[in-house]
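One structure is given below, represented as structure tokens, and several questions about it will come after.
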Amino acid sequence: MGLLSKILHTGIVTEPLPAGDSEVVHLVREVDAEARRLFGRALGIREVDAGSCNGCEVEITGLMSPVYDSERFGFHFVASPRHADLLLVTGPVTRNMEVPLRKTYEATPAPKLVVAVGDCARSCGVFAGSYAVVGSVDRVVPVDVFVDGCPPEPAHILQGILTALRSGRP
Amino acid sequence: MVSQLSVGGSTLVLLGGLMMLWRRGVAAHIGAFTFQSVALAATMAMVGWFAGDWQLWAVAAALLLVKGIGIPLLLKRMERRFGSERELEPYVNTATSLLIGGLLVLLAYIVTAPLVSVSRLPTRTGMPLAIGLVFVSLFIIISRKKALTQVLGFLMLENGIALLAVLGTHGIPIIVEIGVFLDVALGFIVMQVFVYQIHETFESIDVEQLNRLRE
Amino acid sequence: MRALFFLMVTGYATGAAVALGLGTGPLARWASGLAAVVGAAAGLGLAAGVCMAGTGFSLAAPDLLASAGGLAFRLDGLGAVFLALTSLVAAPSALYGVGYSRALDGRPAQRQAGFMLNLFMLSMSLVPLADGTLTFLLFWEGMSLASYFLVMTEADRPEVSEAGQWYLGMTQLGFACLLGAFLLLPAGGPTTFVHLRAAAAVLPTGTRDLVFVLAVIGFGAKAGLIPLHVWLPRAHPAAPSHVSALMSGAMIKMGVYGLLRIGLDVLGGGPAWWGALVIGLGALSAVLGVLYALTEDDLKRLLAYSSVENVGVIALGVGAAFLFQSLQMLPAAAFALAAALFHAVNHAAFKGLLFMGAGAVLHATGTRNMNRLGGLIRGMPWTAALFLLGSVAIAGLPPLNGFVSEWLLFQALLPGIGASSPLVAVLMVLALGMLALTAGLAAACFVKAFGITFLAIPRSPEAAAAHETAWSMRTGMTMLAGACLFLSAASFAILPRLSAVAAPLVGLPAPGPVLRAGLTLQTPDGLAQMSPGIVAASLGLVVLVAWVAVKRFASRRPLRVGETWGCGRVVQTPRMEYTSTAFAEPLRRIFAEFYRPTEDVSIDFHPDSRYFVQSISYRSAILPWFERYLYAPVIARIRLWSERVLTLQSGSVHAYLAYLVAALVLLLGWLVVTGQR
Amino acid sequence: MSPWLLAPMQGAVALMLAPGLVGAIRWMKARLQSREGSPPWQPYLELRKLFAKEVVVSSNASWLFRAAPFIVFGSAVTVTLLVPLLAVPLPLGGAGDLLVVVYLLLLGTFFLALAGLDPGSPFGGMGASREMTVAALAEPTMALAIFALAWGVGSTNLGQIASRTLSTPSEALAPGHVLAFAAIFLVTLAETGRLPVDNPSTHLELTMIHEAMILEYSGRYLALIEWAAALKLLVFFSLLGNLFAPWGVASVITPGALLWAAVTLALKLLALGGVIALVETHIAKLRLFRVPELLSASFILALLAVTASFLLR
């Protein structure tokens, strides 16, 4: 009972499309249109942590929260790369994660996209030069789009996914 | 119609007992008891309605007041005082307990068959379930370790007897029911003191701790 | 019919003679096997003839063993069903045996195996034909002994000789009970079943009850009803696989046959508790059988326990027939009996198939331990497909024959809920619950049996090198797979026959309850129908349409073959797979109170730190509790006695002579005492 | 209109409604979680996408892995030909009763479990083992609930059960009926992989039951399996809806009656979906080894249902 009344009082907290940052709104509308066209508005995302500090993961979790609610665009996170259309890779690729990352890419059925999230994924960030790090994500798998930021905001991750959808024409 | 309703009502009352076997939390146990008492009061009122017996209405109202509201409140207070100890490891595990509960109900069905066949009352159909509740409550008292659970089993036993009386005799004289109530109230107070004492002595209301008294 | 009878006997006898006479080469194998196939075909023809014609077949041979009263044969509907199921398994087994026993070429064991196999099949075929005490017990014992020798084919392995001991012990215990039962039936005058029936009608109630209980023990031991099943999971795996197929498919059904013959035919049914007893044993066997099957890692032991389960399921139907008959619910009784008979025939088909499949696996890999198998579907595609069919059938899944008989049994138990006695109604509810639990667990069990054995990556080099078996073995399996399909598709035509067989046994006039409406099966009250054929056709059609639609409309991108997804781990080894033990783990935990497994975990730590583990060894065993509490004390007691007897063994000839004289004196004294009275 | 058209019609309606049902439950759950959520038609889009994608098959997998999705899908669709979704009696009503429905669904589970074992992945084996455990333990409940239902009619024929409740509406509230409904509802949660037995939206392999078996599937095979899962949910819901409250089901075959039947069916599915969404918002997943407790509770309900039927005869 208590839970029900709380649900009723809270209402829908997802930020509606027309509100908030106009740039983000514009972007999100674009994402919506693109996703619809390319993947039938149903995009399975597989997250691969290739050695990140988990800062990016916190932001990615934000994508699933009631506020950003990426599910409304038909994005959902899946449990296996076999179900995925897009890989969301974070972190500098560590030696231990090099093979798993490659295997994940191979396991994903075509058409597939890769979005590398965070500064580390592009330049290894503070980990650059470490003996434990192989290098940026694109040294291991082909990357469609990099999302900068340490960590990037959820909105920017959305933007990255959009750009990937637009460029990586499957 | 009456027979359908009395089976339905008794089933709900019995389900309250089976819920005790199923759940583990103290709050859930109190909830099951409350549910059972309300269902019992409703069944009594239903029988009273069809029998045209105002006394049963009165009894139902009293029952609702005492067992549906009063005792659960007291129990919740007890729970707050002693902290909610869950029935984590009963002597018989939950799934087996439930199956035994089911078998007890079937047993009740078999043993009451002669009883039911002599009765002419339309409410007789619910009697096996009332006996079933009596068996299940006894099983709860035997198989559970926490004193609070056992108190609840005792209260449910009383509910079962009240249900049997209502269904088997089509209503009981109010004076008898008041006597029973007093009995229960007394028993409840004794139990409460008992539980309190156990808690004082052992810092827990697990009756297994009583084994230590032997030493 | 006479001709068929003689052809059958001649076929098996020729097979036996040829095995003895033609040496130990392929020629002997083939000749003896083919002769047996002829015998089995004739047996099937004889059974079909009796079933179709509806009239019995009888033949007296008073000159054979004349001093004991002579032999007599008669085949009625009930016998025909069991002769049919025996012949149904015998022909493929004989064929399969030709390929299977190639390993014995050039060894004297070959001779013995061929001879005993034919003798086994012959005496087993004659058991349902036997008419009268002597003939029945003679062939019964012949069947038991021949199968004992077959179990002991590889007697050099210690577990085989242990299995043989268990088997012999239980068989003889059962035989003693049977002897008692038959002797309690009045022996004066001719002992054909007709006479026994007339005599049994006037027996006092106590004697009738005793006869029935003895029959339940004697036949139950052969059928493998729990707790008399202990020989079964030992002897079946020890025997060569086609013999296991015969034993599981046909021989244990003879226990059911005997129970029906004595209980329903000769004694003509009894009080309600007879039925309740059989239902109780059946429910116990069904649930415990499948629970033990689930935790087995040995493929053939798993199948053996599954036979215990299926005999339990059959016993549920038989018990219901007894119970309904005593309650005067005759159509329901006939229906339950027909359902049980159909399940017996079905089980013969798929269990025979599965044992042969297991034999093919054993032949190809040399192991029965499922934790060392896997991936055989690539090396042995035929065996795999046939085993899969058998698994679906035995798991009771539509549209195969296992489901049909399970459906019939469910429907047959349903009227029991309507019985006026609350005790009977409750018993039926519990029996239904048990039956459903058994069906569910059987499905889990055969996912394990097929999945762990045939799918995924081979768990040992032997499994990886497995090869397809000889075509004679595959033909044997294919025949039984065909039988499974046929029994399902033609069930609407078979059931009325079985109903006609069952009806006179429970005291109904000949055609029995109607179990057919057009091409569908129907319950006697006409309220529920089912047609495996239509279900299969719809399923096939839907699958076909889906396949075509997917081909036509879905993406045409070619399939890409990749590595198994394992969260990116570097390499996959068979050790990462789920094993047979692991598969059963959830159920083993859920039923832990029942299994009471013993577990033994030992961990070796690194000498420097307890945080580093060098090795973990885990060992777990389940000792069935009736063995622990029922058999172990008895065996210990017998050991004790035999040790005491050992002290009598002085080795001196004089001592033995003294024993002889003492025995003689005692015997004479006893004669004198009884003679005086 | 020929009654034989009814069977394919029911199949088509079920195929069309099933993804929508899953979508509607997801949408309602999202709303209860204060999210906007994906629209109810999202599963259709997902299916379309999956059918268009490439298929990757494990190198360890055999032909069984490729055949299983068709068998799973086929068994689910065949069931929709037998269950009274739109009308009673059905042309195929004589081919299969309630037991056939239950065991056909078990056939699908059987093959899915085998397909889970086939690629040799540890997750697949784990899923197969768990799924079969839950399925086996759910069987007794289902059987007893079926017989509680069949009690009054004396038959397990689906059409007759529905017709009886239609002709004597008071039966719908008979205690045996209500208890059997509750028992089958709990079994539905277990068999269709809903909370608290299995979390349909989990990403953690170790907590999975159903999902673990299909981790290896991709593209059109995955689409078939997802569609079959949705159909299974629809079948259980329509059993709950149309056997216990058969109002709206057409007993004469006219286009109007059938349309009305389709509309009421959709409403019943939505209502039950709402209940599931509420339940899933309220409770957490049970530990795997507490699932047997839930199933024995459902068994008790079924047992009480049968007992209540005894008492009222």
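We just call them A, B, C and D in the order they show up, numbering each chain from 1.
The rule we apply is simple: a contact is a pair of C-beta atoms (placed from the backbone, for glycine too) under 8 Å apart; a residue touches a chain by one contact, two chains touch by 3 or more.
Bear in mind the structure is a predicted one, so any value in this text is a computation, not a measurement.
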One chain's C-alpha mean falls closest to the whole-protein C-alpha mean, and that chain is D
Where the centre means the average of the CA atoms, what chain is farthest from chain B? A
If you average the CA atoms of chain B and of chain D, how far apart do the two points sit, in angstrom? 36
As a quick test, compute the distance in whole Å between the mean CA positions of chain A and chain C. 59
Whole-Å separation of chain centres (CA-atom averages), chain A against chain D: 34
What parts of chain A, by residue number, touch at least two of the other chains? 80, 82, 107, 109-110
Residues of chain C touching at least two other chains: 422, 429, 557, 560, 562-563, 565, 567, 590
Hey, what residues on chain B touch two or more of the other chains? 95, 106, 109
Strictly by the criterion at the top, what is the full list of touching chain pairs? A-C, A-D, B-C, B-D, C-D
Which residues of chain A touch chain D once you look at their complex with the stated criterion? 3, 7, 10-14, 16, 39-42, 66, 69, 71-74, 76-80, 82-83, 85, 107-111
Would you pull the chain A residues touching chain C in the complex into a rising list? 80-82, 97, 99-101, 103-104, 106-107, 109-110
Of all residues in chain C, those that touch chain A in their complex: 557, 560, 562-563, 565, 567-570
Chain B residues touching chain D - in the complex, by the definition given at the top: 3-4, 7-8, 11, 14-15, 18, 22, 94-95, 98-99, 101-102, 105-106, 109, 116, 125-126, 128-129
Can you name the residues of chain C that touch chain D in the complex? 374-375, 377-378, 388, 392, 395-398, 403, 406-407, 410-411, 414, 417-418, 422, 425, 429, 432-437, 439-441, 443-444, 446-448, 450-452, 455-457, 517, 520, 523, 525, 527-531, 534-535, 538-540, 542-543, 546-547, 550, 553-555, 557, 559-567, 572, 574, 576-578, 582-587, 589-590
